Each structure stands twice: as structure tokens, then as C-alpha cells.
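Input: structures, listed below.
Shared between the two complexes below is chain A, which has chain B as its partner in the first and chain C in the second.
The block that comes next holds the complex of A and B.
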């Protein structure tokens, strides 16, 4: 029972021929399929002048009284208004408040408010909205609520006048208002759901997480957890917009560097906020029509040294580490296609912030001095190895960690480098005992006031966070930080923080590496003053992304 | 009478599978519930950020019920899950079920599209390869399969993006629809299906273009496995006497391929396909990440990174239920192809 030779021959002849034909047809079909959409190539590319599409790391929290991160801060600054706004170049400027008076004892602040402001739904803004917003924040105790604990009472003195009485002197008080977004009290009350806040139900949390209740320059029109947030221009904003301001702003989440590069090249993105690998930035810088910009937000990169764990509990060991670090090597890593991703730090206060000391020296490597300091330490020649952790998700930081390891080898210090995920990082630093000797981290200002960085980092009562991973407990620094909150004169206060910064630097709680500048890429048809001229940077998390001031399209 | 016996067999078979499936879901629920809580990191601290005071963190922990005994937490979770209430996500601050209602259809659409590509082209490639064993179509097919299976799907994602989006600029690289289009009215959550139901053909075309690169990248390693498995089994069947017998009877090669060689060879292939398609639901996160596909897999990974307990548990439960359901469906398919499996199981 075998196949006949003729049939076999037929099969052999017919089979491959038909398959070859099929393969050719499949190829032709594929070619046709790919050629057809060629006409749609620019379908995704928007005409300039209408939209800003920007990469964002993750969904921001739309409720302005809950979050503390950058994506949420960007939403906050664009959807809401504040009594006082962070100003370009540092400091604060009037916004919803036109002026304010401070009583002689510094405990009573009275604000005069604008009378020409309307919320997005048309309701006029009044002092009741200010009082409601403050009480909402104080009651919910989320986000930056801690900044307002000092307020003993808040009272509306009229539709456009409000008074705050403080429990004690608190110099950063005005700057704190850059974090009190004013919500539409009537709208929020009308949309409150059942909750744990008595007559206020859930205080409108469910509503404000999905919709906006603000008066800011943009209106929230879409807020999808896994894809994008869309904002459209609010034409009735009291401060107005740049004449070429985008009608629509789209914040796209979770785009990976290769995708960002492809989309930027195809002009499907206008701006990249999320930190990109240097290789991608270099490639984008070479692409016609794309430029690099600098986002300086008052943050710094540090190797924090645990002051309560051996051997970094000895100031001489910490000094040796600081002297042995290869600052020049790190500076080389910060050059991205000729654009600096950081400038050398001069102590614990970033440049452009009150108390920054331009006369203080930047870090410089001196191996002989480092070895001498090590010899003076109580550990002498028997210094135990150091444990160093960095957040695995921050790819660039791994290079710094390895540079640190190599630098310390030159003075005979062994360093165990441990990459760990962010969730574990935060857990690891909850106690002094569990915090490793060295923690690589970025820290920055959360309000325009220097206190927001120094207090959370160095006061002995500040909560255990990555800010405070050096576990400082120095009575002199504590007193200095407490005094800084009571000095109302700006110049005296600046001098005080300069001196305090020197005291902190002398204790070497960290290797102060550089003031961070996030290098971003933008299409040339987008003008973004805060990202192109660092003198106009807003030194605050997310402060440089106020789309009202940006323009799209050819200059008019 | 015979029909009644057959129905009884199917019912017994189904009951056994459903019972086993429920046990699996229960086991997974206990395991993931405990594991999610054993992971390092305080979810309340992660949710509130570094500026929160200890009192704020403690309050949120109490609100989340994390200060209750573990058993009480589990019972509360099960009671909620039965009502499809998985609590609120710490990451999005929305009910987890609302997030999943958005992400699950996106992942399902991607997995189904990848599954279709995998099934059609995998079986076709395997069948052609076996039919022309050791000739050029077979050799080409084997080389292609080897290349496809050797590289993980995210590498394929990057290669395809480079070819069809960066250089050729033919296909989109992110999302499910172009910005200029409105999503069709929500019926199934699958944009392609909803576009057909709404008669929005331009939207359908756009959705298919967005689906092309992620679905093909996701399918390639599995497609190669299916092709290799189909080829091996068909080659084995071609060597059986009954195939020779069919040939001797003068059946055409096409009939022999489809009726005698392919059908028995499909049983292990179907089983593999079932596992692959379900696995795609959970494993698609890298492809979803590369193409910014707003699916459940990416959501699940972000939930893990933020230790968003409710979201982690919900995603794992949804995947495990889908795994059980699709496996039962595959078992049913296989049992109809080969009744001996059904009968053995019923006994």
C-alpha cells in the first residue's frame, strides 16, 4: 500500500509550487497592507498651535489637597489657583490675594482677595472658598496638611477679605500658601458622597479625584488612570494666557524611552518631562526640530550617610567619604549633549533658594585628606564595610552608586551596593537601625521656602522618610531650624540659613553632590520660558510646568 | 439513550473541572492576600508620600483596615470580592473595579488579538512545515520559529517599533485609538468590537492599526511554539499507517492534511494555546509598557511597585479566574475533538 510514483511526483511538483505562489501572494498582501496606511502617516501629528502633549511618569492625583508628588503638583498648578503663587526665579508673588498685612507680633495675617475671579463653573470666588479649602485640608490631614497645623483660626471678614491667626510665629507661612489650592466650596459640597467626615461626608474626595473644582488656567476634561490626563484652556482665567498658549494639554503616562524617542521624532509629543536616559536625549538633540531644555526645581542629589550606624556614626569617617568621592567623575556623567544635568552643590541648600551660600566651596576630591580623616576616626584602619542602597527604578543613579563604590576603594573602604525597589527603599529607612550607611536619593523643596527641605531632612522630630535618612539628632541644628521659623525679616532669615547650612555641612550628614537639573526635550515650536532660561525657573516640585506661560507654534 | 449518556458525561466532566477551578481560585486568593501583605513597604506611607506625619500614616492604615487581624481582613476581602467590590486603589484613588473595567477589556482585546494571530499563523506555519517536511518551506518555517521563540516579546516589540513606526512611520506606537477619534460607546470594552457594533468603521480601522504592533509582538514567541508543536505532532501522524492507508485510497494531500494529520495533532496544540492566551493576560505587561497600552497587566505591575494592596489582589484574582474559565473552555474543546478524554474524566 504505497503511493504510486506518479502521484508522489504530482504532489512533489504541485505542493511547493502552490506554496511559493501562496507565499508571493502573502508578501504582496502584506506590502499592500503596509502601503495603504502610508497616507495616514501624519495622522497622529497635530498641527502646531493647538496642543501640548507631554510625557508624564504616572497618573497625578486630581484632588489638590491630597498629593505631594510631581505629577499631582503639575495638575494642582494648572487646574487651581492659590492665594500666593511660587514666582519665577524663586520666592512668591500675589495671585488670588492682592495684598496682605501682618500684625506686629507676626501672628495675624489678613489677606485682601481679588473680586474678579470665577471658578470653571462660573461661580464667583469668595473668602468662603478659602476658609473651606483650608478646613478641608486640615480635616482630611493628607498631602501638605502639615504645613497648616500652625493656623489656630481662619475667618472670612467679608466676601473678599480673610484673616488667619497663628498659634505661634511661623516665617514659612506665606510660602505654605503655594500649596493651598482653592476649591469651589459650593461645587464640592454639592458633590460630596457618604464618608467619615460627618456633615461633609467624604469631603468631595471621590468627586475631586475625577473632576476639577478650581479656577485655574486649565480645566480638567479627561483623567484616565492608565492613559492620559487632558486639560483644556480656561479662557476666563484672571491672569490670562500666553497669546500662543495651547488650547489642549495632554499628559501621557508610562511612555518608555524608546517610545518617547519614536513619538518625538514623529512629532506626536511636544515635551518630555520624565527623565530620559542620556543616550536617548543625545539622539533627540541631534534630531532636527528638537532641542534640549533644563528643568531646575530646587532638588539635589545626595549620598545620605546614616549618622547613627557604624562606621558612618563617626564624623571623621563621614568626612573621609566626602573627601574621597570623585566629584569630577560625576560631573562628567552630568553632561548630556552639552547640556548640564546638574551643577555642583555648595552644601545642603540648593542654588536659588534662601540661604544658599555662593561663597561656600563645592565638593573636591582630596585623597590624602580623606585618608588622614579616616586615620583620625575611632575605627582607625579597621573600618567595617559600608552598605549602600539606591532605588532600582532610577537607572542613572546606579552609575553614581558604582562611582561611589570605586571612589571609596581608593581609601580602602569597601562598599556593598544594593539596588532595591522603591517600595522596599521606603520600608528600609523607617528606623535608624534598618537604614544602611549610605542612601542615594534626590531631595527637593516642597514649598518655595527653604524650611520645607531643611526641617524634613535635619530636624530630630521630622518623620522617618527618605529626606531624613541621615538620622541627624543635633540640638544646635534643631535650635537653628526652630529659630528659622520665627525670623520674619527676610535678610536676617537668609543670613540665619546660610549659617545653619554651614553648621549642617560641618556635620557631613551627606555627600552633597549636585543640584539637579532635569534635562528635557522639546519641539522647537514650543516656547517654555521656565525650561529654557534657568533664571526664570520656579524652584519647586512641578513648578516649571505652568502651561499658561508656554506657547505653541510660530511666534506671532 | 446514547444522547442522554453523552450529556451526563459532559455534565460530570464539567462539574469536575469547575470544582477543581474553584479550589484553584480559593488557593490563589489566600496566597496572594498573604503575599501582598508580606511584601516590603508600608502601603499607607507609600500612598501618602514623604511629607505625611506618622499620625496621618496611622490614620490611613486604620481606614484601610490594616490594623485588623489578618483573618478578619481576609473575610472582609472575600465578602467584598463576591460583590465585585475590591476596595479603592491607593494609586488611582478610584474603586479598583472601575480601574479594572477599563484595563481588563484592553488587556483582553490585546490577548485575544495576539491569540488569534498565534492560532491562525502558528497552526498554518506548523501544518505547512509538516506537509513539506525537510523541504524549503519547512526549513524556512523552522528557522523563523526558532528566531521567534528565542527572543522575548518585548524585544520583538522594540524591533517592530523600529521597523514600522520609527523608520517606516506606518503604524502608531501608543494607546488604543488616535487622539482625533472618540472611543465608540462602551458595550464590551473591546474597542474593535464596540466600533463594529456602533458601525464606526474609521474607528475600527484605527483601532486595528493600534492593535497591530502590540498584538504581533505579543504573539510571536507563542506563535513559534504553536508552529513547532503542530509540526512535530503532524509529522508523527504522517508516519502512522492510517495516513498511508488514506493515501492509498486516493484521498488528496489536502484532505489527508486536514482530516487525518491536523485534527489529532491539534489536541496538544489547543492545550498549549489555552495556557498561552491566559498567560498573555498577565505577561503582557512589557508589551503594554512599550506601546503604552492601557491594560490590566501594566496596571498590575504599577500596583505592585506602589504596594497598592487592593489592586494587586484584584488583578491576580481576575487573572486566576480567567485562567480557570479559559482552561475549562479549552478542556471542553479538546474533549469534543477526542471524546476519550471526556469519558475518562467522567469516570
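The block that comes next holds the complex of A and C.
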């Protein structure tokens, strides 16, 4: 295909005709041969030993104080430990911390720590590591460091006691610890390079990006872009492993869906994580020895509407869009071989999360109401075309984008659909001016607390991320979000978020399509409770990929 | 060219070559289908904003002769409209590249000296750039659009014409009739357009028809890489790329779209081939 026209011409002018035609025919034959299916070959049983090989989109960031995405979060959850772990169903449970006390005013938290934990290099875990990890997070200000701004002081009261004093009441405080990985302070200090953090040099960033300094259930043994990440079991982990837990976990990057399908069929992969097109999942579900599972990560699929760009700056236009979207049309997409890939959303809070309103209606199409809303808008009949972007890497999102385009045509709105790569997507949404009218995206909880999704999405001061592409600036919502952080009573807080969710929905910052359930495929000889049993699912970015709880049997 | 007896003799020779006639028939059918797409396609609406997830991924049957894609659109209809996209791309690109390249080659070859050096060195610079990479860079800098894709392909295509014509002009310009024209005081433009160009025309025409296939192929490569026409405009390269994700189960998506590209390229190549034979013998 890249052959130069000139050389081609010379061949044509010089070469015997029959040869060239023969070559053309041969080429056609080869093309058809290639099109015929590697996957149709007989499945070869390959002993997996005690290994889990999983597809991953890209190399994760191994430094546990930087992650904002799923690949990095998965590394963090497996290489490191936390004072408190996110628990199934959305709560928190003790981990490195065995218990904690909260002062009457809700500002002082004292944690009792385990005394039997060792890091991968054998160093015992102490409260110094906790204080160091917190300072590192607060100083570097990367990833979700904003969660810890509220901590005024952290103090080691003894080798296994630590006290935090907060600047103000902060209800999501305990949940935030799901994002504070505890690093080995001695190892990191011994490996710090020159940098901008004074006596801490680079705070060990170069070191932790390539090696691990944790105590988690797995040890990082290989971490190479373009190739793979390899983790091996840490036998000394204080929580123990599933009796059949994999000795080795290999994460493979950048595999195309057809390759994943073929490799799964040949048993060269145990587990998929990256979303696969429904066609591939259906084919895998039909393959003997492979089952589908559900990753319920507390995420949602939305068409975010830029509230500061014409014409979506007018709430009536946004309302019209929300009323015109063909919610019923997505139903066929949400059923993958009998497995649900999502459930219709009821507003801005995903199901199973505090503040979710079971009584709120799901989206419903009403073209007359949509046209009426459009007529009420300041643009009237002359609504300029909308620009819509989606992440090209998420192939199946195009279907929703086209459904959106089709739906809007029914009320006379033109939509330019533009697929762009993830890197460019993140660039595009850095300012309100450069953000298109409509951004298709999955967003989800980053800590077990509802605040982690709503604040990053809707507070006017939250930094520009793919969460905040609607550029909301509403004083009432801001006040509601701020108040939500100070209510300590759980029931009151849930009621508060239900009301806040309604207020947000009234402003129509997005078309709330569905609460996502990422359908994954696994070999039947792999047990992955968090992906097959809803009761053990951890609704959190990357929370369901804890290899400690997975088992590998002999392939049947 | 005028319809001289020579021309009709050439056409008769062309008609005696069965492969060339086959090529002409393929091209004629494709061009007609593209022009009359709205009338010919079974589901013209499927070329636009259309979704029908209930009928997605249906294998070829009596209702949908070439099956449907993941969005429930009729593949045959989209291929017919895809031909329109491809042919418009081919004609536009060559419509820019051929006159531009021919003019550059004529001037360079006839003027000689410094003008020749400048024109031909610029041509060489463009020839040194890998066509697909340059086109990708141009398209990648901006929003993917058909106009840009055409501009990008045209930018890498004209130098081949410049060099081809330049070579021919160099050999023709000292022919007796050219020298005579100059001696009787004909202007350079008149000599180039009136005397030299007609003698280059058969070769340009041959290359033109061969290139139609290649331009369609390069356009398909660009859209295969995600730099083609924006959704939902049907584009054969994009259809192959999308369908490749669902091999082997939804084989009809990429196999039919790939076959459609193959057919178009084959048709134009056979025509070009036939023309070359005709002109080689008569010339």
C-alpha cells in the first residue's frame, strides 16, 4: 500500500502483463486466506501453571502516589497496602490499621496499626512509613493528592500509632485512605535522586516508577512499556492469598480485540480487563471453557455537555438534548450474550453509591418536550451544530455517539462526531473554550465515597479533568458539595446527596446514559470472585482487580 | 485529443482486448452506481445518521445482501456510497495533481536551465517524502476531513506527473515539428500546449487511469489508519478497519469492503493496462 506510484508505474510499463495480473489474483487469494480465521483453529490446551495473564490497555504508573487511571490503580492495589481498604459494597474495612478513634469534634483521628507487617525487602512496617507516605503525597501534589489537603498535621505517636488532625470536618476522610498507598520510607529515601523537594530530592519518583517499595500481596518484577508488567506473589503478605492464587501475574498491553479473542481461545490469556466490543464477547461466551464476568466499578457512561460553550450553554438546549436522546435505543447495546453491560442511570450518582435515588426516573425520550425546550432556548430554531468527541480507543463508544447523532437529527440538531486518541482527548478538555459541546466518557468513583465523583465533576474549583468537561459553575451546587463533606451522620448525608443529585440533574450537565458494568471474559479455570459475585465486588476505579483473591486451577 | 481516425482505430484495438473491456465494464458499473447511489442502494438512509442495533451484525441474507454492521446498517448500501467517496477522492486528487504536475513538467522540460533546475529540485524534494507518511502528517495536524485527505494525497501525487512529463518534453522538444514551430515564431506557451502536450496526452491518460486505483488505495490506507471521512460518511478504508476488529465472526464486514476496494482498483488497473497497450502500439 505504501508502494510509490512511480515504481509501480515502471513495473506496469515494463513488466509482462500476465505476470502482473497473476500477481493481482494471487494477492486477492492471499487476502482472503488471511481473512479466514486464526480463531477457527482448534483450541490448544496450554497449561497455565500458576499464572494469570491479563490484557491491559497501557503501562500503568507504578508510583502509587500518582495514579488517576485504571491500569495504575490496579498496580497500586496489588503492590501496596493501605491503612483502610475499600470493602465490597462500597464501605471501608481495616487493613494496616486495626482500629481507629475519632474525637468528638470529628477533627482528630487516631489509628492503631498492625505490628506484624513487613515490606517486600523485610523491613517492618511502622507509623513513620505512614507519615512519610502522606507527606510525599501532599508535597508532590500528583494524582488524587487533593483528597489529603484537609489534613493539617500527621504525627507518629509510637511505632504503631498515628494521629491525624484535620483542618475542618471532612466526611469522606476515611474513604480517602483507599488512595494513600503506604511506601517503605527507608527504601525510598535510600533510592532518592536529585530533585526539587529539598532534602527529599526527587522523593524517590524515578525509583518508584520502575520498582516497588510496598508491602502488598504482589511484588513488581518486570515493568516495561510496549512489553509487559510482571508481578510475583509475596508469600509474606499479612492478609494471605487465596490457596490457588497465581504465583505470577502478567499484564499484556495494546492487544487488539481480535488478538485477544484468538489468544483467549488458545488459552494464552486468562483474563481480559480492557473493554471488548460486544461481538468479541459474544464469540468468547460461545467458546467452551470461557465465561463472562462483570466488573462493577461504580462508573457511568455520560455525554457531558459543555455548559460554557454555545449552544449547550443554554439549559433549554441541554434539556432538549437530554429529552431527545433515544434511551430505548441503547437497550440492545447493554445486553451482551445475556450479561448486562449496564443499567439505565437515575441521575448523576451511580447505583449502589450513597445518594443514589432509586425513586428518580431513568432517562426517557420525549420528542415533543424536546422540541418545546429547544423553542424556549435563546437559539430558537437556529441552533448551531454540536461538536462531539469520543475516545477512539474505546471502539464501542462510537455506537453511542452515532445513536446520539441519530437522536439529535430528530429535533433538527446537527452533530459532528469526532473520534480522537486518548492523549489528545485529555488535551482538548483542559479549558472550557477548547472543550467541545459534547464529550462521551466513562467516569467513576475514585474512592469509595460519592464525593470523589461529584466534587471532581461538578465543583467549580475542581481541576480540569475528563470528569469536569461540563464546566459547571453553579453556586448552589458548590455549596451543596461543600456541605456534603461536613455532614458526619450517614443517613443525613445520604439524604443530602439525593437532594444534591436532583439539583445537578435539573441543570442537565450531561445526558446520563447508564451505570456501566464492564463485561470481561475469563477462563473457567480462573476464579475471580470480585468479577463474578456482586456481593464481593468493590465499586471503585480498578478495585475489582485484586489478584490476591483470585485463584488459578489446572486448565480442564 | 480529437476524434480522429487514429483514435477510432485505437478504440477498436482496445475493444479487442477482453481484459481491458472487462476493466472498462467494472469502472462503468462502479461510476454509475456511485452517481446513482440514492437510487441503486437498497437502503440509502443507512449511509447517513442511522442506527438500528436490533438488526446489528446480521450475516448476508435476502434482506441485507452483504449483511449489516455493528450499528445495524446495510453493508451493501454503505459500499455503494463508499464508492462515491472513493471516486470523488480519486477525481479530485488527480484533478489537482495532473494539471499541476503536467504544468511543472512542461515548464521544467521546455524552459531548461535555471527554471528547470528549480522546478525539478522541488519535485525531487517531494519525491523523497514517503507519500503515506506525509499525508498522515498533513491530516494528523488538523481535524480529519475529506478535503484535507484529498489535499494531502494531492500534495504527494503531483511530482510523479511532473517527472513523467518532464522526461517526455526533454525528448520531444528537439523534434522537427517543435523546432519548426519555434522558427515560425510561435510563443513558448503555444508550443507547449499546442505541440508538445498532445504528444504527452496518451501517456498521461494511461497513468491517470492506473493512478485512480492507487489513489483509491492510498485513500483507503489513510482511512484505515483513522484519518478518513468523519462518521457517518461511508468510507471503504474505514469499513475494512472497523470490520477487522470483528474477524473472524463478522467476516462479511471487512471481506466485502476489502473486496470492494479490490474491485475498484482492479477495474482501473485493467483500463490503464488496456490503454497502455493501445497507445504503445499506435505510438
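Just so we're on the same page, the second predicted complex is superposed on the first by the 504 of 556 C-alpha atoms of A that agree within 3 Å, B and C clash if a C-alpha of one lies under 4 Å from a C-alpha of the other, contacts with A are read in each partner's own complex, and residues count from 1 in each chain.
Keep this in mind: contacts are C-beta pairs under 8 Å (C-beta built on N, C-alpha and C of every residue); 3 or more make two chains touch, one makes a residue touch a chain.
Remember, it's a predicted structure, so these values are computed and weren't measured experimentally.
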item: Of chain C and chain B, partner touching more chain A residues; value: B
item: Chain B versus chain C as contact partner of A:169, first or second or both or neither; value: neither
item: Partner chain in contact with A:61 - chain B first, chain C second, else both or neither; value: first
item: Chain B versus chain C as contact partner of A:227, first or second or both or neither; value: first
item: First, second, both or neither for A:139, with chain B first and chain C second; value: neither
item: First (chain B), second (chain C), both or neither touched by A:108; value: neither
item: Touched partner set for A:532, first chain B, second chain C, both or neither; value: neither
item: Contacts of A:256 with chain B and chain C, given as first, second, both or neither; value: both
item: Touching partner for A:210 - first (chain B), second (chain C), both, neither; value: first
item: Touching both chain C and chain B, counted on chain A across the two superposed complexes; value: 1-2, 37-38, 40, 256, 258
item: Contacting residues of chain C [partner chain A, same complex]; value: 19, 49-51, 53-54, 56-57, 70-71, 127, 130-132, 143-144, 157, 160, 163-164, 207, 210-211, 214, 217-218, 220-221, 226, 230-232, 242, 244-251, 254-255, 258, 262, 266, 269, 272-273, 276-277
item: Residues of chain A that touch chain B when the two form their complex; value: 1-3, 7, 11, 15-16, 19, 23, 34, 37-38, 40-41, 43-44, 46, 51, 58-59, 61, 63, 66-69, 141-146, 196, 205, 209-210, 224-228, 250, 252-256, 258-259, 261-263, 265-266, 268, 393, 421-424, 426-428, 430, 446, 456, 463, 465-467
item: For the chain B and chain A complex, residues of the former touching the latter; value: 39-42, 45-46, 48-57, 59, 63, 89, 91-94, 99, 102-103, 106, 128, 131-132, 135-137, 158, 161, 164-166, 168-175, 178-180, 209, 244-245, 247-248, 253, 289-292, 294-295, 298-299, 302, 305-307
item: In the complex, chain A residues that touch chain C; value: 1-2, 4-6, 8-9, 12-13, 17, 20-21, 24, 28, 31-32, 35-40, 256-258, 277-280, 282-283, 329-330, 332-333, 392, 395, 398-399, 401-403, 405-406, 409, 415-419
